[in-house]
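Both complexes below contain subunit A, partnered by subunit B and then by subunit C.
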Partner chain A sequence: MRAQSPATSWGLLSPWIVAFALFGLYPFAFSLWASVTDYSPIRAGTQFVGLANYGRALADPAFWTALANTAFFVVGTIPFTTALALGLALAVQPAFPGRTFFRVGFFVPSVVSVVVLSLIFKGLYAGQGPVNAALRALGLSAPDWLLDPETALPAIMAMDVWSASGYYMIIFLAGLEAIPRELYEAARLEGASAWDRFTRITLPLLRPTLLFVLVVNTVRSLQIFAEVFVMTRGGPLHRTTTVVYYLYEQAFYRFDLGYASAVAYLLFAVTLGLAWAQMRLVRSEEPTR
Partner chain B sequence: MRSTWRRMWIGAWMSGLAVLISCAPAKQEVVFWQFWPVEVVQPLIDKFEKENPGLDVRMEQLTWQSGLEKITAAVAAGNAPDLCELGSTWMPRMLAAGQLVDWSAGVADLKSGLRGWELCAVGDALYGLPWVMGTRALFYNKTLFARAGLDSTRPPETWKELEEAAQKIQRLGGQVRGYGVQAGERYVLFKKFMPFAWGNGGRILSDDLRSSEIDSPQNREALDFYLGLRKVGLMERQDVLDRMFKSGQLGLQISGAWLVRSIPKDAPGLRYGVALVPRPDSERGTHASFAGGEVLVSFQQSKRKQAALQLARFLVRPDNALALAMAVQTVQPATLGADTTAYYRGNPEQLVMIRQFETAVPTPNHPAWVDMEEAIEDEVEQALHDRKSSAQALADAHRRLTELLAKGGR
Partner chain C sequence: MSGTLRRWIWLGPLLATMLFPFAWMTAVSLAPVADLSLGLPASGGLTLEHYRALFRTAAVSRYLVNSGVVALLVVGLNVATAAMVGYVLGRRRVPGERLWTLGIVATLMLPKQVLMIPLYLVLARLHLLDTYAALVLPFAVDAFSIFLVRQYVSGIPLELEEAARVDGASDWRVFRSVILPLLKPVLAVVAIQSFLTNWNSFLFPLIFVDSDRLRTLPVGLALLSQTEHSVDWSFLMAGSTVASIPVLAVFLVFQRQILSGLLAGAEK
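Now for the complex of A and B:
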C-alpha cells in the first residue's frame, strides 16, 4: 500500500482539528485567561488580577464546603457503584433465559436524561411520596429526604449509584467476556472453589477494566451538577452544593466568570491528582511478569 | 462552455439580489426577548407593528430556567437584544453591571401612571419600565376553615388570628396541615419570611443602603413568629405546598397568583380565598409582602435604543399590559388604577393581588444583593432547621451583610 502524503492526512483530519480548536482548545484557553482576570460577561473593563481568584477560592469557606460535599459524594458512591456494577455484570454474564431482558433493564437508566431521572426521584423522595409510603408501611421512620440537611446528599447519592451502575455493568461485562474460558476450566479441574476462581482469575484479569471504571466514574462524580440543579439547588443549608454547582452560581448568578474559571481549574487539578493516584494504585498491584 | 454557465449563474444571482434589495421596505428591526408564551405576546407585537409601520419586531421567548444565562452570554458576545424583559430579582445585578440604558428622560411622563418604579431605579435615575407586577398573598382553604369551626368568610388579619386558624386546622389531623412553611429552596425563602418582617416594621438595609438593619427587635419578633408557624403546620418546598393546597390538605400558605390560575384547572372544586398577608396586630404594622415584577430594559450596546423605548412604552400602555395580565393570569399590570377595570372587579382573587402590591416592599437595589439574599436565606434556614436561635441567626446575618457592605458592590 502506498503511504499517504502528510498533506492528505492533515486534510482528512482538518474537520476534526477545526472543531477541536473551536470547541475544545479555544474555550480551554479562554477560561484559563479568564481565571487570572476579573472577567464578567456583563461588565466592561476586564482587569488582570494574577492568582487572586485562586487565593480567593482557597480562602472561601463556601468553596471548601462544596469541595467537602463533592468528596463525600465521590467516596460515598464509587465503591457502591463499582461493586453493584460488578455484581450485576457477574449476574447477567452466564447464559440463562431472559438474560437480555435484565441486561437491557439494568442499562436503561444510563440512557435516560439525568434531568428526567432527577425529576422522577424528586417525586419519589417527596415527604408524602412513594419511598416514604413504603417505609411507613414497614413501620420505619420516613424523613423528608431532600429537605432534611442530613439526608439530602445521601438521597442524591443513592439515586446516582442506581442510575450509574448499569453503564459500568456493560463495561465490566465486556471485560468479563475477554477473559479466556480455558482459565476457568483449568481452575475447576484443579479443584478451585468459586471464590478462588473469582479472586484468582476474574479480579486480576479485570484490573484494566476496573481501573477504567474507577477513573471514569471519579471524573464524572467530581463534576456532579444536573442532579443538584434539578433536585435541591444546593440546599438545604448548602449540604448538596457541589463544586460544579458552586462555580455555576458564581458564573451565572453573580456573573463572576473569572472567579468561576479559577474554581474550575482548581477542580481540574483535584481531578487530575485523583486520576493519577488511582492509576498508580491499581497499576502498582499488577502482578510482575 | 463552463465559464458561460458560471457567468449566467452569477448574473442570475446578482439580479435576484438586486430585486430583493429594491423591494424590501426600509424597515428597522427591533430584537425583543421576553418570557411569556409567544401566542400571548404576538397579538401585541402585531398591533405595535401596525401602529409603527417602520418597525419590525423580532421576538424570542426565553425560559426562566435558562433565560438569565442566555442574556448574560448575549451581552458578553455583544449581541444583547434591543429590548429585554427582566425579573425584578435580577435587576440589582444588571444595574450594578452598568449595562442598562438610562431611560429617565424618555419615561418621565409615565411616572404618574405606573407603579413599581423602585424595581428599576437607582436614586432618581430610571433604567427600565415596570411592565407587570407579581407579589405573594395569603391563600386559605374555606372548606378546612369551616371544618375547623372558623368563619370561612373572614380570613385571618393578624399574626395571632393566623396562628390560631392554623392551629385549629392542624388539629383536624389525618393528612391535613395548618400552615405551609416554605423551606428547602433557594431564592424563594426570603420572599416568604420577609413579608412578616417588613410588616412588623423591620428592614434589611438602611434607606441609604449603607448599613444593615437586619438584626432589629422587629425582625427577631417576626422570625420567632415564623418559626412558631412550623408547630401549626409543616415545612415543605413551594411546589409540594401548592400541590397540598390544591388537594385540600393545607389550610393556609403564602403563595402567588400562579395558584389562582391553576386551581380552576387542577382543583375545580376547591373552595378557597386570597387575603392580604396578616399584619402583627390590628393596631400595628402593615400587610407587607414581597414586591416583584417584570421590567423592560434596553442595553447600552443596542443600536436601536429609540425603537426599543418606543416598543417598551407601547407594551406598558394600560390596554396592552392588561391584555397580557388577563392572558397569563400570573401577574397584574403595573398600571395604576388597573384594579378599577371590569376584569379585576370580576376577579376578587386577582384583585387581592393588586391590593397586596400596594403594601408590598421591593428588595434593595444594592449591587451585592445576590450575596445579601443568600446570607439572609442561609441564616433563616439555619433557624428553620433549629441549628441556630432566631437571635443568633439574625446577628450572624447582620455580620454578613455588614461585611458585604464594607466590600462594596462587585
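Now for the complex of A and C:
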C-alpha cells in the first residue's frame, strides 16, 4: 500500500493557508493596529493614539445615533420576523398538496439581491407608488415614506421583515422536523388541545432553533447596509444611518480608517455581547427537570 | 381534503402578497408607460422596449458581463479549493489540523464588516484595488464551503481510499478518482450557494472597485438609481428583473440542494 505523503497534504491545504493569512489574519491584525492609530492612506505619518479612536466614537453623537437606529431596527424587526417565520413554518410543515410550492414561494425573497429588493421597495414607497395609491384609495393619508424622518426607518424595517422571514421559515422547518411525531400523538391521545401541543411540545423543543434564529438574525440585522445605501443614503436627517453605513461613510468618504476600524471593533463587541446575552436568556428559561 | 382547501385559502393570498413586489417589478419593466401607482400598463399592451434600452446601454451590458465572469470565477475557485482543503481537514493528517479548523470556525463567526477596511488596505497594498482580482481573490477560498466539505468527507468510508492505495494509486489519483466523484453532491451545494452569494454581493464590490467598466450588476443598478436626473423606473425595473432571473432560475432548479445546504448551516 502506498503511504500518504505529507507534501500532498500541504499542497491540498495551501489555498486555505494563503487565503487565511492574506485575507484573514493579516487584515485582522492590521485593523487592530489601525484602530489604535490615526492611520489614513491619504495622509503621511501615522501616530499611535492609544484608545483615543474608541473614546472618540463613544463621544460622537453621530455614532450613538447610528447605534440607536440599529438597535431600533433590531428590536423592531426581530419579533415580527421570528413570529412570521415560525407561523409560515407551522403552516407549511404538514404534508398537503402544494406544500413544496408554498415553501419555495415564501423563500423567493431570500434569493434575490438586496439591491433589487431595495430598488423595488423604493418604487413601492414612492410618492405615486402602489403603497400610497392603496392608502389614498382607502381615504387614508399618504406620507412620503422614505423622505419623512418619522417613517423612513420603519419603512425599511417593514421591507426587512418581508424579505427575511422566508429564510428563517426554512430554519424553523428543520427544527420542527426534528421533533418526534410520537410526542404529538401521545398528547392527542391524552386530549391535549392544539394550543397545548404548541406551547407544551413545539415551543420547548424548538428552543435551540429559536436561539439560532435569534442570534443569526440579530447578527445580520446589525450589519444592515445595502438597503440604506439604495433607499435613503442614511437620511433624512441621519434617521436611517445604521452603524455599518456610518462605518462606510467614515472609512470611504472621509478616509478616516483608524477611526473607522475602531468603530468596526465596537460593532463587533456589540454583536458578540448581544449574541451571548441571547444565549444566556434562552438557556435560563429552559425548564429545569 | 377540506383541510387542504382551507390551507390554500389563507396561504394563497398570503403568498400572493409576499410576491406582489416581484409582480410589480415585472409589470413596470414591461409597461409602455410607467404608471407607478399601479405598475400596470396604463394604456394596454406590453413592451420589451425597456429591455432593449437596457442592453443598448453599453455600461449595463458591461455590468451584466462582469457579474457573470466574476461569479463563474468565484464559483469555480470555491469548488476547487473547498474540495482540496475540506478533504485534507476531514481526512488526512496534517500538523495542526485542529488549529486550521479553528481558524475556519473563527472566520465563520467574524462579521465580514470587521474586515471590510483592512481587506481594502490589503488589496491596496497588493495593487489589486479596482481590478477583477479584487472582485475574485478575496472570495476564492470560502470558510463555509470548506466546512461543508469537511463535514461531508468525515461521512465517507475510509475503505474506499485504502482499497485504491493497496492497488498502488498515488495521492493525487486517490483524490481525483476516488474522492472527487464522491464529493459531487456537496460540491453542488457549494457551487450553488457561492453563486447566489456572489451574484448578489454588494458591499465589497462597491468598495473594492471604482471604475464603471468593472462594476457588477447590483452595484451598477444601485448607483444608476442615484443619479441626479429623475429615476427611470421602467429601466431600473428591467435591470432588476434581469439581475433576478439567474438567481431565481438557479433556485427553482436546485431548490433541494439550496435548502439542504441551508440546513447544514443551521446544524453547525
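The rule is short, and it goes like this: the second predicted complex is superposed on the first by the 273 of 289 C-alpha atoms of A that agree within 3 Å, B and C clash if a C-alpha of one lies under 4 Å from a C-alpha of the other, contacts with A are read in each partner's own complex, and residues count from 1 in each chain.
The rule we apply is simple: contacts are C-beta pairs under 8 Å (C-beta built on N, C-alpha and C of every residue); 3 or more make two chains touch, one makes a residue touch a chain.
Please read these numbers as outputs of a predicted model, since none were measured by experiment.
In the overlay built on the shared chain, the residue A:Phe268 is in contact with subunit C alone; subunit B does not reach it.
When the two complexes are overlaid on their common chain A, residue A:Gly234 makes contact with subunit B while staying clear of subunit C. By the touch criterion defined above, A:Ile42 lies against subunit B but remains apart from subunit C after alignment on the C-alpha atoms of chain A. When the shared chain is aligned, subunit C comes close enough to touch A:Ser31, but subunit B does not. Judged by the touch definition given at the top, the superposed model places A:Phe252 against both subunit B and subunit C. In the superposition on chain A, contact is made by A:Pro109 with subunit C only, not with subunit B.
One of subunit B and subunit C touches more residues of subunit A, and that partner is C.
Once the two complexes are overlaid on the shared chain, A:Ala126 sits against subunit B and subunit C alike. By the touch criterion defined above, A:Ala142 lies against neither subunit B nor subunit C after alignment on the C-alpha atoms of chain A. Once the two complexes are laid over each other on the shared chain, residue contacts for A:Ala71 go to neither subunit B nor subunit C.
Contacts of subunit A with subunit B, set against its contacts with subunit C after fitting on chain A, overlap at residues 41, 126, 128, 233, 252. The residues of subunit B lying in touch with subunit A in their complex are 68-69, 72-73, 75-76, 93-94, 97-99, 175, 183-187, 234-237, 240, 244, 370-371, 378, 381-382, 385, 387. Put simply, subunit C touches subunit A in their complex at residues 3-4, 7-8, 11, 15, 18-19, 21-22, 24-25, 28, 36-39, 80-81, 84-85, 87-89, 92-94, 100, 103-104, 107, 110-122, 124, 137-138, 140-141, 146, 162, 165-166, 168-172, 175, 196, 199-200, 202-203, 206-207, 218-219, 221-222, 225-226, 233, 236-237, 240, 243-244, 247-248, 250-252, 255, 258-259, 262-263, 266-267.
Listed in rising order, the residues of subunit A touching subunit B in the complex are 40-44, 126-128, 144, 146-147, 149, 232-238, 252-255. Residues 1-2, 4-6, 8-10, 12-13, 15-20, 22-28, 30-31, 34, 41, 91-92, 96-98, 102-109, 111-124, 126, 128-130, 132-133, 162, 166-167, 170-171, 174, 209, 212, 219, 222-223, 225-226, 229-230, 233, 244, 247-248, 251-252, 257, 260-261, 264-265, 267-268, 271 of subunit A are the ones touching subunit C in the complex.
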